[in-house]
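Encoded as structure tokens, here's the structure I'll be asking about.
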């Protein structure tokens, strides 16, 4: 029952050792954030090896997209990282715009930036809540969901949807912002700043929180780069890599913001970085709302979208990390010939087994939380 | 029969002792043998407490405290040995514990 | 399904690569739209850089460092990519990672495209990025079915799962991979879903009952109407 | 006959009923307080402000299907919740709600020892429940539980010994009376012991931040993962009854039980208008609230951190406190 | 009343003792052992040995047997050890020896009751009435005796426990 002794009876004279326990964490488990299954080999409570089994909600989005026309795909991108639909929208439409060489109006780019940053705040709220919940701090979840609710209200006001926004179009935006929306966004920024202090008060200096996250899942910058980590986990290891700065898309090149970097590369650093990203996002939103230019929100795009034959890869910074879209057009069909998304959650999840080794079962939960995965995106 | 004398307790103690002895002799699972030994110790304790009550002398109860201390020590070391043995040979059968060293 | 059976079947040669699709999987490429073009596209254009445009320094360094490895240099909408033969992939990849001018320490993505009419039907694409020099490059490797494509997971551990996905979804024969298993599809799955000739309609509940042989089951209705291999 | 059987039976009936009703309302209180702490309302649907939730919850639990896993050890699986609940209820027989007869069931002179020994039986319920489920998460949880409960029991008992040393008696009523004589709650005489016992009590009752045996985000449901229906509700009852026990012990030993604050300050004599048992229940509820408050505030410790705190912090402090108390007792 | 309680307890103690050694599963054995110890503790209470009764529950039932349970859970076997060896022969020897022990004990009982010499059968009325109050007396007196007359044995016992603790750690720890 508890032992998995498949091997023959041990040789006499062998040193003492305990049997390893194989524990299937998931696919139904409260803190694997969806249907992730982690096969843990445990020595006592210490993790000897962890193997992720994914694909439980593989829906074949990439294949599906090859059979939808270019405009229809926007709403499929919503359903990959369903807690950060707007950045997926952004990445996809920009990839197609790049392929078609379409000029997007400046106002549209500004609004896209606002949407993407609001999305980052919403996604980080969800991350913070669930991560804290995994470590047992239940109250933070409710607090951060209160703010996420606020963001979702803003999104609802903008596009009518609260989760899967379908909020961007190739060449611009479907809608201009509602009257007064920008005011409400900056009002939200003011509220959010005060609420951040509440989170910090509950967690940042909490002995238990620090004890649970400090020096857990330490990974060096070189290793993180080699493992293909992206987003906050990579920056937590001190690698300055943010698509918004390095390859500016939308209107990021027009704003001032900082890229927070960690020093130790542990779970606590990743937590601090995400908290700092809240502040940077607020900073970007403020600048964007203040400098919001007038003009159209839709560029000149043909009625039938049929990019010339060719392929391109375009990346944007989603809340989880670098989300890249590799799109191939054959130039004849109205469907993409190949649609590939580089899912940041997938690449980050790959590092889980490396991060888990040598830690305890309870830390696995913290580590799954810290890499911030969305299984809809991992499995696609 | 209605008056309970120390004899009654002695008989109870003897019977429990006997059950323990049978357990030690019959069972092959070393953990159950240990438990049988605990039964034997308890049988002795019953006797000690009963006589202490009868004689109005606390020495019996003092001995019970010592017996419990010894039982605790025995359980700790004995079970440690069992765990160590089990790790190496994957058995708790006393018949297979025939080696003085491994 | 009937209209597909009427189309001329492409029969690419298939050396034994485990696991591979059932015999019928290589039948006609299925198009969802009725007015699909008669001929499937033969491949990406892979245009060379326009006249007068100098390739960036890392491309020059690569051409100098691993002479003859770059079969073709292409440029399209701002993206540089090189096509290298599969047997020289590791050499090129190692140079790109280690050379200071290149410094591609970050393997962002590994993916593939499938162009069934072509003999070397697969393009395996490696999207690289340099966190040091902040530039991108794509390597493209062409491979026929069963052609060995060396794994770059030894150079960039990030490629581990990505290559597993390429294997899972396309059936590209990736060799020397540390842990080549299916990743998104179940282990007993047959066929490789991202191939262009993979059936878009499944066998429904047959699939649930017997996952092992479902490609055979799917083929059954064809048996009456058309010849099967 | 009346004195030996009827009255104790009546007392037991009243106490057990009061206890079970308290538990149901304690659950409601927990949900409400958690709700308010978390910027939400808590249960609001059943009855005004959700008050009837306390009645609906047990009904729901009882009516649910009682599932026994296929490979479970049926006998032990059924026995475990009972073994968990019974000690929690038995303890109340020696907890006095007042100094005179109708307020306690039994006044035994080794009352505190009795409480300690009976609560030490409660660990069987958790261990056996986890083992008999024949499932990995409950097994891990019950291994954790047995280690945790035994370790923290040592710390708590050691600390209680120093209180016994201060009071000079093991009798629960005697300990409260000793506080009257001292004119001071023992919380002020033994502040370290008070905090230690409360922290140890959190661990003994598997509450956050020490709720590892049932850490739902790690071990799904901990030792009661496989339980449902009535058997689960027995575990549930036992957990909350234990919380009440710990609150009652802390209130009795450190906060003067049924006595008003500052029992020897004459100016506060008007507080005696409130009956003693009301004071006692009020103190119990204060600690129950504290339990809930802590749950709403803190994250969970990791297993090794928990054991380190138990063995490397609490037990040394408890021993130090005991030694200091002994020295003080001899010197003063 | 007293007799009724005694016979009830005695029956249960013996019955549970038999169940301890006959139970198939070791966990059941442990369970019966706990119940057995609890009943023995109640027996001690009827013999006005409250302190020993509480110690019995606290140390035996709450401590030692938990240890047993722990080990039984760690040493979970796919096959019961009894099934691996020929137990018939061993059982016969055991029963025979146990019978001999029983016969001897019965002989002693018969001899003592026939002679009526030891122990001095005092009437129950000679003892102070068993009030709740003498429990403290019991605990106090026991403490007094332990710490004066039996101080050295007591210290030896504590050393024994210390040694046992170290020994158990050495045995069970994988790498020190």
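Labels A, B, C, D and E are assigned to the chains in the order they are written; within every chain, residues are numbered from 1.
Heads up, the rule we're going with is that a residue touches a chain if its C-beta (ideal position, glycine included) is under 8 Å from a C-beta of that chain, and two chains touch if they have at least 3 such contacts.
What you are looking at is a predicted structure, and each value in this text was computed from that prediction instead of being measured.
Taking each chain's centre as the mean of its C-alpha atoms, the one that lies farthest from the centre of chain E is C.
Judged by contacting C-beta pairs, the busier of the interfaces A-C and A-D is A-C. Distance between chain centres (mean CA atoms), chain A to chain E: 62 Å. The geometric centre of chain A is 26 Å away from that of chain C, both derived from CA atoms. Between the CA-based centres of chain B and chain D the separation comes to 33 Å, rounded to the whole angstrom. Mean C-alpha positions place chain A and chain D at a centre distance of 43 Å. Chain contacts: chain A has residues 1-2, 16-18 touching two or more partner chains. For chain D, the set of residues that touch two or more other chains comprises 139.
Residues 2-3, 6, 10, 13-14, 17-18, 20-21, 26, 29-30, 33, 36-37, 40, 43-44, 47-49, 51-52, 55-56, 59-60, 63-65, 67-68, 70-72, 74-75, 77, 80-82, 84-85, 87, 90-91, 93-95, 97-98, 101-102, 105-106, 109, 112-113, 119-122, 124, 127, 138, 141-142, 145-146, 150, 153-154, 157-158, 160-161, 163-165, 167-172 of chain E touch chain B in their complex.
On the chain E side of its complex with chain D, the touching residues are 25, 27-28, 31, 34, 38, 50-51, 54-55, 57-58, 61-63, 66, 69-70, 73, 132-133, 135-136, 139.
On the side of chain C, the complex with chain A involves touching residues 32-33, 36-37, 41, 44-45, 47, 76-79, 105-109, 111, 113-114, 125, 127, 131, 134, 136, 138, 156-162, 169, 182-186, 193-194, 198, 200. Note for the complex: chain B touches chain E at residues 1-12, 14-32, 34-36, 38-39, 42, 45-46, 49-56, 58-59, 61-62, 64-66, 68-77, 79-84, 86, 91-96.
If you check the complex, the residues on chain A that touch chain C are 54-55, 58, 60, 62-63, 67, 98-99, 101, 222, 225-230, 239-241, 246-247, 309-313, 315, 322, 324, 326, 328, 330-333, 335, 337-338, 340, 342, 346-347, 349-350, 379-380.
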